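Presented below are the structures under discussion, each in the form of structure tokens.
Each of the next two complexes has chain A plus one more chain, namely chain B in the first and chain C in the second.
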Partner chain A sequence: MAGVNHAVAAVASDAAGNAEKEEYTTIQNGAWSRYDRPSLAARRIILALFFLLVALPVIGMLYFSFRSTDGGMTTSHWAELFSSAAPRALRMLNRGLGNSLAIVLVTIAIEYVVVIPTLVLLDVRFPRSRRWMRVLMLLPIAIPAIILVVGYAPVFSFIYQWISTSQWTLAFAYGIISLPFVYTTIEADLMGMNAATLTQAAESLGAGWLRTLWSVLLPGLRKSIVSCTLITAAISLGEFTIASLLNRETLQTDLIVISQSDVYLSVVVTLIILILTFVALFLVSGAGAQRRPGHGTGGRKRIPQGQEAAEVAEAAGSADVSDESRHA
Partner chain B sequence: MFRMNRAMHKAIVQKGNVMTEEDARGRTPQNESDAGVVFANVTKSYGDREVLHSFNLSIGQGEMVCLLGPSGCGKSTALRCLAGFELISGGDITIGGRSITRQPPRKRGIGMVFQHYSLFPTMTVRDNVAFGLKVSRVGKDERNRRALKMLERVGLAEYADVFPNRLSGGQQQRVALARALVTNPRVLLLDEPLSALDAKIRVQLRDEIRLLQQQLGITAIFVTHDQEEALAVADRIAIMHDGAIEQIGRPQDLYEMPATAFVADFVGQSSVVETVVAADGTVRVCGQTLPLLVHLPAKTLVKVFIRPENVVFTESPDGECTVESASYLGSFTRTTAVADGVRITSQHAPGNNIDKGRKVHVSIRPEPVMAERIELRWAQDARTVKGDGDNGA
Partner chain C sequence: MRKAKDGLGLVPFVAYVVIFFALPAVLVVTSAFRAPDGSWTMANFDIFSRPGVSASFWNSCWLSLLTAAIGSVLGALVCFALLGCREGGIVRRLVDSAASTLSQFGGVMLAFAFITILGNNGFVTLALRNIAHVDIYRNGMWLYTPQGLILPYLFFQIPLMVISFYPAMSRLPGHLAEAVAILGGSRWVYWRSVAIPVLFPSFMGGFLLLFANSFSAYATAAALISQGAQIAPLQVRSALISETGLGNAGAAGALATGMLIIMVAVICAYALLERRASSWLE
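Right after this comes the complex of A and B.
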């Protein structure tokens, strides 16, 4: 009897989903209670150490960018960047940045059109695929980039020949190496929102898979789609090994070239990119935080009445709109 | 009296089975509104493991049938086969006489309420309810009007513009119910809809579901592992065990005339007492002679199932049992007494309590009881049986 119970539970997809969801809620509820977490002082020290560790290289770079070759301090490296007679290196960097941005856009487009819908459908339709998908999705990280390139080389010679020789084709490679991060994010969110049950609910109400995907699953995945976009952009902008070995001209490869001729300029540019990235991150995560929670626990929450309720709904709706416009 | 009871019991048990098979074979579509559901020899296997074994069930138009059983008995699987979320391995399922076996879930005309967390989190309550209408291309004004009307029926109209995560569990299930019913489905499927709720809400909502189902006259299947829930709402209950229906019948019949020991044990509370069948086919428990619902040869070692409401304790210094525990349960009290290995429970009005440790005399109403043969494994047991048998006879 127990054997049958166990086996049925293991096989029935909804049961599996429930079990996993329970695990999810336990983790949430099992977060540190206020009584056994580290003291305030300890937390502050940990936080300070963390920030110091992160900030140290940046501070070092900043200091270095104001050093002059004779050992004194100078602002000439920064001035050079904004002078009207921009050096050749800077024009090169411009091109590299343009290429990189094109690659980012195409990678994100691939993500939205192909990767995310495929992963969602795979996860919802074939929940048992998770077992091998989790392993499969590790491969792009587990395999060193240098080995990936060996595999990519013939693929890209085909792409050059039949599709395009433009720089943006590198997006095909970056679409693959960002898969693990996209899969983990999307899968966790799908599980958290109980996607299997939502899909069945939509189906029982007459919805086909396209409508289910569009009106039920993707809206619930907004948060993780935002983080996927960020991660993908970060990977595509920061990737060096593959770009270099495939002889591409991206921001990273150009930075290396510049650093060989003018190391100060490369540091200044790196700093600017870092600052822009931080600003972008704060903007997007701020936009994400304003959103109403995606899925409730159904617990005892304050229930707005009448006018108030309408306001809440309206506020939530307008927040969504602003997110979308900002996002677009 | 005992013989008549047994015959009656047999007739009722058989009637349930015969009805099922007849309907499974001979049902033809009578009219459009007929939405009876028939499972005909449905099997479902995962790999080489069969979780439904030639499952037969016939549900009439407007009837509410509960699938009741312990977890893993296949009750949810049967429901999911009807919904189309699982493909059946053999047999046929029809709604209103038409086979739906090959149809995808969205074409089956079902409305389903899930255990929990099934509302679309990114839509307001109104949009959730209107979703099914939107899918079937009902105009915006029309679908909002109908959604609001259905929300009024479940008493949540004022929450129409709220997002589901602001609602309590019971409210969420009400919305789910409204969403399932607004499209006028032919069959309403309820997959343990109340099991995630507090006890009080559970009772309240289960009565509301039953009322709504009767008002709308919709065919419904209610899956639950809670026997009290099943007894309260169902027209008929199908007790499932190991992928098949053990017994199907009206709640009262199941309770009073269980066909098998499993049903007797699963439905309602019972004291299980080991005893031996006497020569005339009765058993003796605590000095009382009780008729059996099933025929078993004399001197068979059996477990009998005795309902607590049929047991009466009277306090007396020379009583054969000692009160072991008493639990006060509001409208009644359950007292358990023991005497040389026999543990028996009585359910009675809370007024006449008997304190722990007191001696009581047990009297059992001579209602026919269900018995199950105990398979012998050890020589030790055989010797015990012999001794008891002598006492009993």
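Right after this comes the complex of A and C.
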């Protein structure tokens, strides 16, 4: 019974939104404090310092964006952004942002159409490929943008000359740069849901490959596809090396040009983008929190899991187990 | 028959990776050995004897070593603190999203952020000058030099360590700590003789990843340092954008090949360490 009580109490305190509560109680019944967990004080101090570090850029940019050139405070830098008489810098920024958004869309399309289906196919049909894929996907990290750009120069001048002069072609390069991140995210989820077995089950029931992919595998990968999309978007929106050295115009190259005449505008735009990215990543991290690998497609199982947690806790008589399954 | 059909499905991906990764990578190396007239040559590597070029590689190396060392230790401490936080809880989510934002998101924006913190009119600079009467730039402006890159680089190094090292740390089996306690060992004994040795390969893997990350970082430096080329990536910039004609494709190729050798060595060591690490933490 103690286990059930604990689970119920824990759920109640969770409902109260008490996130600061010591989750892994160091001393239970006056016994042993876990060696492999930080003490409450250590945890608070370290995390407070980390959040201070993260907050510094935000505080710095906020303060800076309200400073006037003579040292007083002003809101004119923010007003400039929304004024109808847009300064030239802002029109330029709009163009760069437009280019960047087009690049982001094409990069995501490349990941969806070419990369993710192939990663799934490799995992399901060629399980032996896992070992060399792991090595292969390290290569884009070993040959980063600053090195690759030297080889991209001739490739993109060919594209520029013969195929298209528009800016979105950069997406071909950004798709490669995002590849290791897409791979690690998708691969972890594929392993967790046992894709090969699911595929065999689907096919023994008569489903073809496309149907298996669409109604069995992709729903299971929903969470990792969403985080892939966000990371890909963040990488393509923030990429500077290739765009700048190939003389393209994107949001980042424009920010640099503008900073030379109106550094306040650059800072205001940077602050907005940084916060939007953070919020988007934060929201997505929450969407996946209810699901764990091997637990099917998530959300729907929430209510039964409460009972499950209590039962498991009862059986094991351990507070830790109820802790774990409660958040499953 | 089915294998052949499945193999066909790989064609678009293979074609994409060959054209936009393998081909440019090969072009980097071959361009290093090409003379402007198209013949093979070693002359491009003479660029390393130019003043400033070797120094820039040296600067890149110490900058990367230093920021990787500080970043990996501080990042590991954050991972340690995260062990006490609930998986999927609000603190974990905040740290995760903040870390991915800072580590993935363009160095240009980080450079702007840093100018507003420690630039001549940055709020920390002003606060120190007006309140504590300390002028951090009394001996000249150091933010726009390689030394000045140390602090901005830490802003993406620490978060990258948090992201790459936390999975290893969270897989540390709980029964190890229990075993130490049952055998009468203290917390100190557990960390010194068990946890740290088990985690060491993963930690070194994270360290190497951080080294590779800052060695190849371009945007932050490019945004902060507009004159000169004190680190290796900026040398590639000046070789690529100087307008003296075709000869520079070879120089850029030679510089990029020089960087490539260091990067490949680091990433190979990383791959070996990762393999060793995973056998402990399965």
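Note that in this section the second predicted complex is superposed on the first by the 241 of 328 C-alpha atoms of A that agree within 3 Å, B and C clash if a C-alpha of one lies under 4 Å from a C-alpha of the other, contacts with A are read in each partner's own complex, and residues count from 1 in each chain.
Just so it is clear, a contact is a pair of C-beta atoms (placed from the backbone, for glycine too) under 8 Å apart; a residue touches a chain by one contact, two chains touch by 3 or more.
All of these numbers come straight from a predicted model, not from anything done at the bench.
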| task | Applying the touch criterion given at the start, work out whether A:219 contacts chain B, chain C, both or neither, answering first, second, both or neither. | result | first
| message | One more residue to check, A:155. First (chain B), second (chain C), both or neither? | response | second
| said: Quick check on the superposed pair: does A:203 touch chain B, chain C, both, or neither? Answer first, second, both or neither. | reply: first
| said: Once chain A of both complexes is superposed, is A:115 in touch with chain B (first), chain C (second), both, or neither? | reply: second
| field | Contacts of A:74 with chain B and chain C, given as first, second, both or neither | value | neither
| message | Residues of chain A touched by chain B versus by chain C: which partner has the larger set? | response | C
| query | Between chain B (first) and chain C (second), which, if any, makes contact with A:239: first, second, both or neither? | reply | second
| said: Using the superposition on chain A as set up above, list the residues of chain A that contact both chain B and chain C. | reply: none
| field | Contacting residues of chain A [partner chain C, same complex] | value | 19-20, 22-24, 32-38, 40, 42-43, 46-47, 50-51, 53-54, 56-61, 63-64, 67, 110, 113-115, 117-118, 121-122, 125-126, 135, 138-155, 172-173, 175-176, 179, 181, 231, 234-235, 237-241, 244-245, 252, 255-256, 259, 263, 266-267, 270, 273-274, 277-278, 281-282, 285-286, 289-290, 323, 327
| said: Give the list of chain A residues in touch with chain B in this complex. | reply: 1, 4-9, 11-12, 14, 18, 21, 193-194, 197-198, 200-208, 211, 215-216, 219-220, 222, 292-306, 309-310, 312-313, 316
| field | Residues of chain C defined as touching chain A within the complex | value | 3, 6, 9-10, 12-13, 16-17, 19-21, 23-28, 31, 77-78, 80-91, 93-98, 100-102, 104-110, 112-117, 121-124, 155, 158, 162, 172, 174, 176-177, 180-181, 187, 190-191, 195, 209, 212, 216, 218-219, 222-223, 233, 236-237, 240-241, 249, 252-253, 255-256, 259-260, 263-264, 266-267, 270-271
| field | Touching residues (chain side chain B, partner chain A) in the complex | value | 46-47, 49, 51, 70-72, 74, 76-77, 80, 83-85, 104-108, 110-112, 114-124, 131-132, 135-136, 158-159, 161-169, 172, 176, 179-180, 183, 189, 242
